Each structure stands twice: as structure tokens, then as C-alpha cells.
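Both complexes shown next keep chain A, but they swap its partner, so chain B is in the first and chain C is in the second.
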Partner chain A sequence: MDPVIETKGLTHVYIDADNNQVTALGGIEMQIEPGEFVAIIGANGSGKSTLARHFNALLLPTEGNVRVHGLDTLEEDNLWKIRQNTGMVFQNPDNQIVAAVVEEDVAFGPENIGVPAEELKQRVEDALRAVDMLEYREHAPHLLSGGQKQRVAIAGTLALGSDCIVLDEPTAMLDPKGRKEILNTMRKLNKEQHITVVYITHFMTEAMQADRVIVMSEGKIAFQGTPKEVFSRVDELETLGLEAPLAAKFAFELRKSGAKIPDGIITNEELADALSSR
Partner chain B sequence: MLDITLGQYYPGNSFIHRLDPRTKILTTLLLIVAVFLANTAIGYGALCAMVLFIIAVSGLPFMLVLKSVKPLLFIIVLTLALHALMGQGEHVLWQWKFIKVTEEGLRLGVQMAMRLILLLMISSILTFTTSPIVLTDGIEALLRPFRVIGVPAHELAMMMTIALRFIPTLMEETDRIIKAQTARGADFDSGNLLVKAKNMLPILVPLFISAFRRADDLAIAMEARCYRGGEGRTRMHQLAYRAGDVMAFVFAFVMIGLLAFLRWGLL
Partner chain C sequence: MSMKLEHVSYTYMPGTPYEKEALKDISLEINKGEFVAVIGHTGSGKSTLVQNLNGLLHPTKGTASLDGVDLAGKTKEAKQARGRIGMVFQYPEHQLFAETVYEDVAFGPKNLGLGQEEVDARVKDAMKFVGLDFETYAQRSPFSLSGGQMRRAAIAGVVAMNPDYLILDEPSAGLDPGSRNAVFAEIMALYKKRGIAIIMVTHSMEEAAKYAKRMLVINKGQIVFDGKPGEIFLKEKKRLLEVGMDVPEVYKLAEALRAKGLRLPNDITDAKLLLAEVKRRKGLK
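For the complex of A and B:
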């Protein structure tokens, strides 16, 4: 099958306020396969948001190209198809809800592409049920919790018919409960509805739940792999300004001091097992 | 927590609540015409009876509707007083030096006051029985035919929708900023108007910065969700006229007919 998202030599140069060129992305090569749950991590300013916006044709490559479901984002005719296929969820839950009633907001996307009323109602209902927000359909968004607002935003992309959802630090402004809600919702959508998920986060515990982790640094992919592979590279993460999960750091330090601890320990459970089996 | 109810919607499920918003807007306009036609005591009596009848059908508390007159009470009293005291006419009821109250002047004053009260009550019934969101839909639908002469119906409705969505958020934020500034010793209550206005600056500046940031974010989020203006857009909730709407229109036209008859007789 074709990759859902494929970038070739993707380069993005911003012109900042002082007319300087800022290279935010420098030749990114990546592929995201259907049904994958990919986490993207990286220090502030490493280019994660810029990359995410290319997946939705909100930004266009300065050089190279991006294909979404095989459609080149540089071709104007593909624009609406691409934006339907990949939904976006942003960081600030307040600033992406358009309407003053939950269900009206979820309907906003499909209304824009001209879905007829009957089908629209069905889509909105299905989308709200999928994120477990159906009972709030007639609520005012400003009275919802952060996690609930983000779930409404996720429902908005589902109602649009997206089979790939790109989330740019969706949990950065949420409390721990809200964070859990969002991650669980996305994992459920990934498992049950085979939605491809691109999940940008600065919480390593969230990235650990992904199928694959991509580490960004200064507009490039520093390295990538399974959470096990990525998070056992404690040293390298640290030089990129990222902190490995506590268990991985602990195992790493123990190994450095000569203890016989197997590679690839990233969770507390794995660490406990390794320690107790000695 | 701030509890912000926008407009003055009074939720309910009455016949009036369930009318199509377009019907409510148009019949309100028709009834306003009827008010301007009234020029006899019987006419005003009929209009008062009509307002009472509508309030009864709508299930709104009478006092609630009456209170909508309050903001303009001063102007109503002033209108009444000016007409009564400055009136011309033969039948002097009361006189003190150069001030005289004539029957004609008093009658005109009462008429004007009645007119204002009726207008306020009729239009407030519209906003009491229609949520701002539905009202926006109604306004958009009614303005749509005027797009050919350049009225940006969809854009106006979108603006109202976004305003309705963000006013509560911005109010909460204002509240938060005020609390934060107060905690740092800012004083918003004392001083003359100029001092007060100056003291508001530390609230307004962060509020504006955040509002622009929000506008930026929202524009991108809307684009990501395929927003491209009103062209080709459908709506989940479609407006539809029902039997009740026909009845409301008939009622409004009967009122206009009655008031026109009372004014001009059978032409």
C-alpha cells in the first residue's frame, strides 16, 4: 500500500521579521504507513510544528515535496482532498473550536466540503461517539475541560472523514487527566478504526506508547525507531535536550556502573523485572 | 466562574420558541409596523392585548419581558414629560405660569411612550425566545438573497458565530487578568474617569495580544478544516417553515390589517 504521508527532501525556509532566512526543515525524508501510530519528539524549535503543517498543506515546501495519499501538496487541485484526508489538532484547545455549540463545531468541517444535511448528522453523531463526547453534543465548548475540548477537535477531524490525524502537542496545555484522555482516545481510534496517527509531543511517556518514534533536531531527523530503540539511547537524547524516561535513564546508569542489565529497558515494569531476575 | 449568558435567551419549548427564526424576525418586523400604525386608544389597547397574548403563549414570565423596558425607562419618561409639558392645543388641563399641560400634548406623550414600550417588549420577546445561534442562522438565511447586491451574508453570520463562541472565552480571560493584576496591587476602582481608563491599560494590552494570537490560531484551524468561505457550504441544521410559521405570519398580517383599519377605516 502507498504510504499515507511521504516526504522527499522536504525543506522549509521561513523569512522572519528581519528578512533573515530561517531554515526550519532541512531535507526531511520520511514515510508514514497506513495504520501506524508515529510519535514525533524534539526540542523546542526543532521544526515539529512546521513539519506537521506540511502534512495538511498549510505550508508548502520551499524545496522537495510532500505527498499525502500520493497527492502532491504543491498541486493546488489536491488541496481540499488532502485537508480532508489528514485532520489536524492543534495545541491550544480554545483556539480551534469555531462554533458555540459542540455539535455545530464538529459539523464545521463537513459543512465546508458540502456534505448533505442527513449524512452530516450521522457523521457528527458517529464522530462524537468515537471520542466519547456524544452526551455533550449540545453543550457550550467554553464550559468543557481542556481534554474534552481536544476530543471535540478530534471529532471534528473524524467528521471530515480524515483517516490520518496529525496532532501538534495536543496535550501541552492539559492536566494529567486530560492528557490521558487524549492519548487513550487516539490509541483507541488507531486500534479500532485504523486511523493513522502522527502525534507530536514533548511528553516521553506519551511517545513511548507509539509504534515508532521520530526524533527531530534542528530541522532534521536525528534518529528514529521503536520506542525501545529510541529511548535506550539516553546519551544522545540528552545532547538533543530531551530527557529519556526515568527507567531508561536508571538502567543506563546501572549499566555504566557495571551492572549486568539488558538493553532496551524503558518502562518501570521492565526495570523491575530486570532487577528482580538477577 | 463567570456565568455568561449571551443576549438574553430564556430557554423553553413553547410554540413561539419552536418557530423558525426567519418567521420570528419577519413577524417581529411586521408587528413593529403595526405599532407605528396605531393612533387610537383602541389600537393601542389591541396591541397591548396582543403582547400579553404572545407572552402567555411563549411561557415567558411577564415581569421578565417588562424588565426589558428598563434600560430605556428614562427616555420613555422624558418623552412623556416633554410632550405633556410642551404640547400645543386648546384644552388646557393645568397651567402654571408659562408651563401648561394640554390634553393633546398629554395624549401625544402617552402615545409615544406606549409606542416605545411596545417596541421594546415585542423585540425582546424575539431575543428571549431565540438563542443567538439560531438567530444568526435566521439572519444569514434572510440576508442570503441580498448577496447579489453585495451583502456579505455568510461572512456576517460567520463573524457573529465566532463572536458568540469567543466572547465567553475572552470574558474569562479578562477576569483572570484582572485578578492577576489585582493580586499585584493594581487598583481598578478608585480615581476619576481618566485615571480609571489609564488603569485599564494593563488589562487591555494583554487581552488584545491574546485576542490576535487566538485569531491567528483560529484562522489556521479553520483552513485546516477545509474552510473556504460560504461557497458550496451546507448546514447541518436546515431551517424549514412549518404550519406554525404560517399561523404566525397570518397572525401578524391580521394585526397589521386591524391597525390599518383602525387608522384609515375601510379605504
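For the complex of A and C:
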């Protein structure tokens, strides 16, 4: 199967407020396969958000190209199709709500592309059920919690027919319960509906749940791999302004003190197992 | 010296169908020199609480005061008292507006009517505090800075007002771990050097545990817990989860280790202590 998203030599250059040329992305080569759950981590200014905006043609390459479902983002005729296929959810839940009732908010996208009334109703219902918000269909969005608002935003992309959702720090403004809601929702959509997920986050505990973690630094991919591979590189992560999960840091420190602890320990349970079997 | 809430209730849009009681009969005293974390889920009332503390909102019932001066007053004293409380809002970088970092940081002190020399000194001091080199950044546009730098520039603008009480609303939201640590290193330096009070609203249990000496847990407009973070996290995990909060990772790791039979003391609240204890149990150096 073709990759959902493929970038070749993707370079993005912009002019900043002091009139300097800034290279935000320098030749990114990447593929995201159908049904993958990919987390992207990196320090502020490493290019994560810029990259995400290329995935549904909100930004266009200065050099190189981006293909979404095989469609080149530089071709204007492809834009509508690309933006239906790839939904985006941003950081601030309050900036993404357009209607005064939850179901109208979810219906906004599909209505605009001319989905007929009967199908529209079905799509909205399915989408709200998928994010576990159906009972709130007639509520006012501004009275919902942060986690609920973000789930409504996710439902909006589903109702539009997106099979790939790109989330740019969707939990940065949420409380612990809201953070869990969003991560669990995306894992469920990924498992049950095979939605491809690109999940940008500063929370390493969230990135640990992905199939693959991509680490960005200064507009390039620094390294990538399974969560086990990436989060075992405790030192390198710290150099990049990131942080390994606590269990990985403990494993790293204990190894330095001479403990024989297997590689690839990143969760509390794995560490507990490793320590109890000695 | 202290800020005080006495039987404070706050109702949004009273007398309308949208009436909502956000705070219910809260009494609270925060002394100068305290570092207080305020946690609670979205809509619990924490933002309403801190806005009553700094006089942006005035209580519907009860009084908010600073050293005995009612913050709702219209007197010169009340105005001065409100001026001693600084507030850094969520995503303060969105409030940067001037053409240069210097102008942005100088805006507050200039409005206090200070002379040019004093303004200059305050800007230099504040920029130094937040780790922005004056020579490098003063004449640059704030919009050309990185996310972490922009946040520090915005915090500098509040620091330049020399507040006795500083309220921070989620100072680390959206920052990477490295920038988070940098921002907190500056906040702690400010706290220690100037002996001011810091009141920090946060969704991060890790930060509440690491930096605050006192923690308020807010739920449905009331204070559920008021005490040392370590004690609350150790004793009240169940209740914290019920109100949408959590415990820091180190408590979870300690629990996982105990579940596998590792004998650990019951009062571990710190990762360094936990690591030392694990090493000791396993006979490591």
C-alpha cells in the first residue's frame, strides 16, 4: 500500500520578523504508512508544527514535495481532497469551535463539501459516537471541558471523512483527565477504525503509546524508532531539550551503578519486572 | 504581609439564565514568601480564584484584601495594592506587542511613571532575570524569538513591575522539557532572591510536587485540599483521581516497584530519594 504521507527533500524557508531567512525544515524524508500511530517530539522551534502543517497543505514546500495519499500538495487541484483526507486538530480547543451546538460544529465540515442531509446526519452521529460524545450532541460547546472540546474537534475531522488525523499538541492546555481522554480516543480510533494518527506532543508519556516516535531537531529528523528504541537514548534526548520517561531514566542510572538491567525499559512495570527477577 | 480571601463567593452573570457560581465561600491566606500551587480540572474555579486574588475580579460576596486593603476599593491605597500583584497569564507570549523586546518589557514600568533611568535599570534587571541577554535581544523584535524565549520576554515584562506577589497561570504549557526547566530555574531564582510569593496555577502534577511548598486542590468552586504537595499526593490519590487530577510519575513508579515485592518506605515523594532507595535495596552504589 502507498504511504498516507510521504515527503521528499521537504524544505521550508521563511522570513522572520527581523528579516532573516530561517530554514524551519531542511530536507525531510519521511513516510507514514496507513494505520500507523506516529508520535513526533522535539524542542520548541525544532520544526514539528511546521512539518505538521505541510501534511494537509496549510504550508507548501519551498523545495521538495509532500504527497498525501499520493497527491502532491503543490498541485492546487488536490487541496480539497487532501484536506478532507487529512484532518488537523490544534492546541487550543477554544479556537476550533465554529457553532453554538456540538452536532452543528461537527456537521460544519461535511456540510460545506455538500454531503446530503441524510448522510450528514449519519456521519455526525457516527463521528460523535466514535469519540464518545454522542450524549452531548445538543450541548453548547463552550460549556464543555477542554478534553471534551478536543474530542468534538476530532469528531469534526472524522465526519469530514478523514482517515488520517494530525494533532499538534492537542493536550498542551488540558488537565490530567482531559489528556487521558484524548490519548485514549486516538488509540481507540487507530485500533478500531484504522485511522492513521500523527501525534505531536511535549509529553513523553503520551509518545510512549505510539508505534513509532520521530525526534525532530533544528528542522531535521534527529532519530526515530519504536518508543523502546527512542526513549532508551536518555542522554541524547536530554541534549535535544527533551526528557526520557522516569522508568527509562532509572534504568539508565541503575545500569551506570552496575545493575544488570536489560535494554529497552521505558515503563514502570518493565522496570519493576526487571528489578524483581534479579 | 499577606493576601487574604474571606468568605469569598463569585458568581458569573448573576440574575441571568447563564448564572454560574464559580467560587463558593472560600477563605484563604497566602503570606509573602510562600510558593503555592493551585490545581484543579478545567472549570473547577482555579482561574476565577486567582483573578479574585489579584483584583481583576471582585468577589460577589466576601472580601479579597492585601495587607488589610480591600482590593475592590477605589482608593489610592487599593490601586497601589493591586499594583503589587503581578500576573502572568496563560501563553503570555500572545500578549507581546511592541516592536522590540526592550519596549515590551519597559511598557509596565513606563506606565508607573518612572523616569527613563529607572525604566532602563528595571528592563535590564528583568531581562537578566529571565536569561535574555540584553545586548543580544533588547533591540530585536519579540516575534523573532523562539517559543521559550518569547515566554521569558513576556514574564520579564511582569518582573519589571517588581511585584510582591506573582501569579502564574500555567507558565510551562506548550513548552518542551528543556524550556520548561529553564523557565522554572528563573522563577525559582526570582522567588528566592526577592522573597516574593508565587501562586502558580498548573495542570502538571510534576511541577506542583517539584516546586511548590503548599498546594491547593480546587473542585467545584471549593478548596478540597490545602497542604504540602507530598502529603496530599501520598494520602489522597483516590480523591485526586476522582476530581480529574493525578499523582506525579515518581509515586506511580514507587507503587509499581512495591507491587513487585520491592520493599520501599511509604513516604517517597522524590525521584532522587527513590533512586537512592532502590540502589540501597539492590546493594548498588
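Methods note: the second predicted complex is superposed on the first by the 278 of 278 C-alpha atoms of A that agree within 3 Å, B and C clash if a C-alpha of one lies under 4 Å from a C-alpha of the other, contacts with A are read in each partner's own complex, and residues count from 1 in each chain.
Keep in mind that, in the parts below, a residue touches a chain if its C-beta (ideal position, glycine included) is under 8 Å from a C-beta of that chain, and two chains touch if they have at least 3 such contacts.
All of these numbers come straight from a predicted model, not from anything done at the bench.
**Q** Is the arrangement of chain B and chain C around the shared chain A a clash or a fit after superposition?
**A** In the superposition, chain B runs into chain C.
**Q** Looking at A:120, would you say it contacts chain B, chain C, both, or neither? Reply first, second, both or neither.
**A** Once the two structures are laid over each other on A, A:120 reaches chain B alone.
**Q** Per the contact definition in the header, classify A:219: touching chain B only (first), chain C only (second), both, or neither.
**A** The answer is neither, since A:219 touches no partner chain.
**Q** Answer with first, second, both or neither: which of chain B and chain C does A:253 touch in the superposed model?
**A** second
**Q** Is A:61 touching anything from chain B or chain C once the two structures are fitted on A? First, second, both or neither.
**A** The answer is neither, since A:61 touches no partner chain.
**Q** On the A-aligned overlay, A:170 touches which partner chain: chain B = first, chain C = second, or both, or neither?
**A** Neither partner.
**Q** Classify the contacts of A:275 with the two partner chains as first (chain B alone), second (chain C alone), both, or neither.
**A** After superposition on chain A, A:275 lies in contact with chain C alone.
**Q** If you stack the two complexes on chain A, which partner ends up touching A:18: first (chain B), second (chain C), both, or neither?
**A** After superposing on A, A:18 lies in contact with chain C but is clear of chain B.
**Q** So which bits of chain A does chain B touch that chain C touches too?
**A** none
**Q** If you look only at chain B, which of its residues touch chain A in the complex?
**A** Contacts found on chain B: 132-133, 161-162, 164-165, 168-169, 172, 213-214, 217-218, 220-228, 232-238.
**Q** Touching chain A in the complex: which residues of chain C?
**A** Answer in residue numbers: 40-43, 90, 140-144, 146-148, 170, 173-179, 203, 205, 244-246, 249-250, 252-253, 255-257, 259-262, 271, 274-275, 278-279, 282, 284-285.
**Q** Quick one: in the complex, what on chain A touches chain B?
**A** Result: residues 56, 58, 80, 83-84, 87-88, 90, 92, 94-101, 103-104, 107-117, 120-121, 124, 140-142, 156-157, 160 of chain A touch chain B.
**Q** Spell out the residues on chain A that touch chain C in their complex, using ranges where they run on.
**A** Against chain C, the touching part of chain A is residues 16-18, 20, 42-46, 91, 145-147, 169, 172-179, 202, 204-205, 238, 240-243, 245-247, 249-250, 253-254, 257-259, 268-269, 271-273, 275-276, 278.
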